[in-house]
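Before anything else, here is the set of structures, which you'll find just below.
One chain, chain A, links the two complexes that follow: it is found with chain B in the first and with chain C in the second.
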Partner chain A sequence: MQVAPAIRSSRLSRRATSLLLLAPTTLLYLTVYLGGLVMVLVMSIDVPPGVDSGGATLAHYRDVFGSAPIGAIVLRTLRDSLATVAGCLLLGVPVARYITASASRWKGIVLMAVLSPLMVSAIGRIFGWIALFGPGSVIADGLTALFGGKPTGLLYTEAAIIIGLTNLLLPFMVLSVASSRAHFEEDMSKAALSLGATPLSVLLQVELPLIFPGILSGALIVFSLSTTNFVTAALLGGSGRDLVGYEIYLDILVYFQQGRGAALAMLLLVVVVALMALAIQTGVQRHEVRDTAARTRGT
Partner chain B sequence: MSETVAAGGPPEQEAFLQLRDVAKNLGGNPVLAGVSLDVFEGDLLGLLGPSGSGKTTLLNIIGGFTDLDAGSVRIAGQDLTALPPHRRDIGITFQKYALFPHLTVFDNIGFGLRQRKVAAPELRQRVGEMLAVLGLTGLAGRYPRSLSGGEQQRVALARALAVRPRLMLLDEPLANLDAALRQRVRFEIREILRSTGVTSIFVTHDQDEAFALCDRVAVLRGGRIQQIGTPAELIYQPANAFVARFIGSPNVFEASVQHYDAQTQSIRFVRDRFTGAACVRAPLTPGTRVEVFVRPDEVVIARADDVQPAKFRVKDWVHLVSGREAWIEGPITLRARLPSEATHLERGAAVIPSWRPERAHAFAIEPAPPAAATT
Partner chain C sequence: MMRVLVVLAVVFATLPGVIVVLASLTAGQSLAFPPQGLSLRWYEVIFADPDFRDALLTSLTLATITSLLAVSLSALAAISIVRYRSRATALIEAMLLSPLAVPHIVIGIGILQLYGYFGLRADLLTLTLGHLIITIPFALRMLITSLAGMDRQIEHAAASLGATPRAILFQVILPQMKMGLLGAAISVFILSFDDVALTVFLVQPGYTTVPIMLFGMAENQVLPSIHAASVILLLASWLGVILIDRLIGFDRFLFRDGPSG
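What follows is the complex of A and B.
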């Protein structure tokens, strides 16, 4: 076999080329991303100035847990993030269905419209919202007319944060669900209908299980982006309604409590990663159970 | 516009499925232009037509997925027009099967029974029956993606039949199977539909499939039914030029009428000094331009002798599974089929083609085709 070495070497060089192409990304992640994380980790266990104990310390973590408002801030962060996930699901799934339905004529335009919040600068968008939600705005007057109370509007409320985050993060949910809906064929819903399933049963028993992986990954992306977001929360939520992300920002850049901010950032990272791992595990398990069952029962 | 003839079935019997003047426009174009169709209980009807002929739209209208613009659909006397698809009790199999990928074979087949709230023991028993009938028993726990095309096809059939629908619609059930499997599966499908006795409509663009599977076939083109009949009727008594051209890939050539014989309902035609005979559906005056259709296996060729001057020569042979096909050239080019053991005719040999007049069909060439006939 004279050709074999040539084939092998071309195969090797192809693999080498593809590895080489990954190298810049790997380098970027190792230095900028992982390096940055290590710096935060070091900061979070660094000895505060003036204290002479040498080496590392868990003082910043104790500081975080010891401070009274932190529990409320974390709770509020989780609550607002979950509400944002729910909002994105309620709004995003129908949009994703529309975009992926074969008969839709405007799907290109709708997709562009849904993605457009990502293309507007954060500051511009948020100042627009302040004008929209703030006192004296149409929304404020409308709310007063409907429910009475002071014409302060939605600005500096949790509702403003959730609405803002939902708008900002909706594209991620739509894209994620739309990509998983590729497994769904319109003929499946026709088949289910012809078998006597009501339109609601078709949605719950056929379509939802099929787009579930997309819903899961969309929810994870939206959740992690809302827990770590701080610009939206800071400008729409105002003082007393800040989220973990904003608290970290304040600690590090305003109050110069780098250690405490870093510790808070590490804790947030751990919580988010743990929640994501749990969610992915649940999602993966569903598939694994199915596959194992298939293999054992099928033969 | 219901020029359709409901052939077959005892005339005193009320048709089980009745389509009356069903019309549908999509984007201003008539997809169905007045389709009337009777299907009798237990019938296996083929809906045959080229792509764009409206057969899928017709299927969607019967299934309830597309609204009709005019006309009516009735099953056993009940008007279906206002009934949503999930209450029509019509089983459908799809070209790409559309099995539920997240459910096992068992749960796919049991899906319809579950919607009907059938109790677990009965559900297990009925799914078990379907598995046995379709030879799927060993596959109950498998997922669709791990099945072969033929197995998926049978699961789709079992899923639709498990609820014992009053009507089955099969959309190109063999289109996604390879050629060898197709032969076997089409007889399996016929057997299963026969044994369940369910009235079925089978949509296809492939005439071999339609003829192998169905008792009667409706030929659809441009949103109109061209002819309904048994396979033999479509082959030997085509109603118009379209059916004659569509069935059996015939020789087609133009000629002009020389003489019309009212007694035998046939004509003699002439084309560049070549004359022949063909049967017609309506009287034609001499001089009328006609299109003549004759299938290769009806064309007999004989070696020319000195008495009859040869007008045709053998140009080439093609070997087919069913025999040899000769291309002969003369005033017209014809394909003629001979069994493989036939006398050898060398290339260039002088020959005379002939056929039985009733096996050739002539239709007057219309000045302009009707608008709806263009697909």
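What follows is the complex of A and C.
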């Protein structure tokens, strides 16, 4: 009869300990983080000052959906983000194959060169593009020599934004595709080859289906990160070429259109969280694919 | 074909960093690459700027404090989440990791509005709280992974030999997490030291960080001293990457079990 309360109290103390360890961080997140997100929601439905009606309004959302300039910005964002995904796929898939399959001594160097930018100052690197693309640079002079026109180079064009975003987000694609290949057995390709498959059909019919979840989740991650990025668009695109993220930044800090900025931010939040959830979901399926592959090999 | 693309990717990934280092060494007035002559004059210019020195001091202090706090809080949270798994801890874990999916610009606007509502000004405390929100998810994810891969037998052995929970935490669990804690501390430092997307909403004139100063300078001032300041940010993050590679191994740090499985 003495054991039961002892167990209960130890269970209680375990629970108390676990929540005590989490308490400071949870408190911080509930106030600063969730509190802040609620503030954005409130801003987005807040009645603009000077308008004489109490309560909430959907006017800011109507403003966003009805505005032609915003429509153009959304289209430009989609276009540039898709181009960025394409750029990351073109360079990222070969790198992911190389660092997971090759036994070359260059492997470590390739991995370091392509993946270290994950941690290397993003804003510092943007100034590299400014130096390379701006007026007076080799690229600007080269473009002028080839096509004539003003010697302004690539700076402040959509091409500059796409190059900057691809450079920024390439590591995410490589990581995603490489981890989907982590359990890919080169033996499977060899088996297919020995059974008479051509290298191309091995790539398309054996490898692609296995790494497709990695490609998809990489594409979703790169797409959402490029739609929300505003530093690259601000510094390489400049005014007149703003993407959704930069437009939100301008609305809040420059134009003082708090309501419209907040409404746009809420819409972006919903879309990006949905895309990220989808990316995580395909990541989960990726593990299932792996398990299936492992089971198939086992039998 | 694949080889060509791999080489292209390596060049493309490293190009802007190399270019900005070379462009910062110019003796001329132009930002453009290639540099006109070589000199360190723009480093002298940027270090002679009291605003830059203030911003650098703010950035270093902020990143150091954020790193220490984020890693300590994440270590406690990770232990709770991995060792005392329950529905409540799973829910809290989801909340703590969610900023990985939420655009930082939205988090920034929210905190800006919240601080404005309570009349809080930009200072070390308000910036640190903001930076904790965006860095804890990274640290927590790393520490959960490192903790989940740990052998629990040692803890059971310690407990059966009469060690108190406190002794187990400090003498068994934390020493085994050392590399994870170090890796998390370095990454948090770099994330905080380099952040623009959130910080731009939290600074005020007179209290700013180096990346935000650069972001503002790009629009107004066009002298190569901006490249020199960029190189200082780049050097800090390259140092971090080298440290992680030497201490943990960069591929182990990125992939749980190495890229080739």
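The definition used in the following text is that the second predicted complex is superposed on the first by the 228 of 299 C-alpha atoms of A that agree within 3 Å, B and C clash if a C-alpha of one lies under 4 Å from a C-alpha of the other, contacts with A are read in each partner's own complex, and residues count from 1 in each chain.
Here is the rule we go by: a residue touches a chain if its C-beta (ideal position, glycine included) is under 8 Å from a C-beta of that chain, and two chains touch if they have at least 3 such contacts.
Since we're looking at a predicted model, the values are computed, not measured.
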| item | value |
| --- | --- |
| In the superposition, chain B vs chain C on chain A residues touched | C |
| Chain B versus chain C as contact partner of A:Leu78, first or second or both or neither | neither |
| Partner chain in contact with A:Leu250 - chain B first, chain C second, else both or neither | neither |
| Which of chain B and chain C A:Ala86 touches, first, second, both or neither | neither |
| Chain B versus chain C as contact partner of A:Met188, first or second or both or neither | first |
| Partner chain in contact with A:Thr198 - chain B first, chain C second, else both or neither | first |
| Chain B versus chain C as contact partner of A:Ile45, first or second or both or neither | neither |
| Interface residues of chain A shared between complexes with chain B and chain C | 183 |
| Chain C residues touching chain A - in the complex, by the definition given at the top | 2, 5-6, 8-10, 12-20, 23, 30-34, 73-74, 76-77, 79-81, 83-84, 86, 88-89, 92, 95-96, 99-107, 109-114, 117, 129-130, 132-133, 136, 165, 187, 190, 193-194, 196-197, 200-201, 211, 214-215, 218, 226-227, 230-231, 233-234, 236-238, 240-241, 244-245, 250-251, 254-255, 257, 259-261 |
| In the complex, chain A residues that touch chain C | 14-15, 17-19, 21-22, 24-26, 28-29, 32-40, 43, 90-92, 94-95, 97-101, 108-132, 134-138, 140, 166-167, 170-171, 175, 178-179, 182-183, 228-231, 234-235, 245, 248-249, 252-253, 261-262, 265-266, 268-269, 272-273, 276-277 |
| For the chain B and chain A complex, residues of the former touching the latter | 63-65, 84-92, 94-96, 98-102, 104, 111-112, 115-116, 138-143, 146, 159-160, 163, 165 |
| Residues on chain A engaged by chain B in the complex (per definition of touch) | 183, 185, 187-188, 190-199, 201, 205-206, 209-210, 290-291, 293-294, 296-299 |
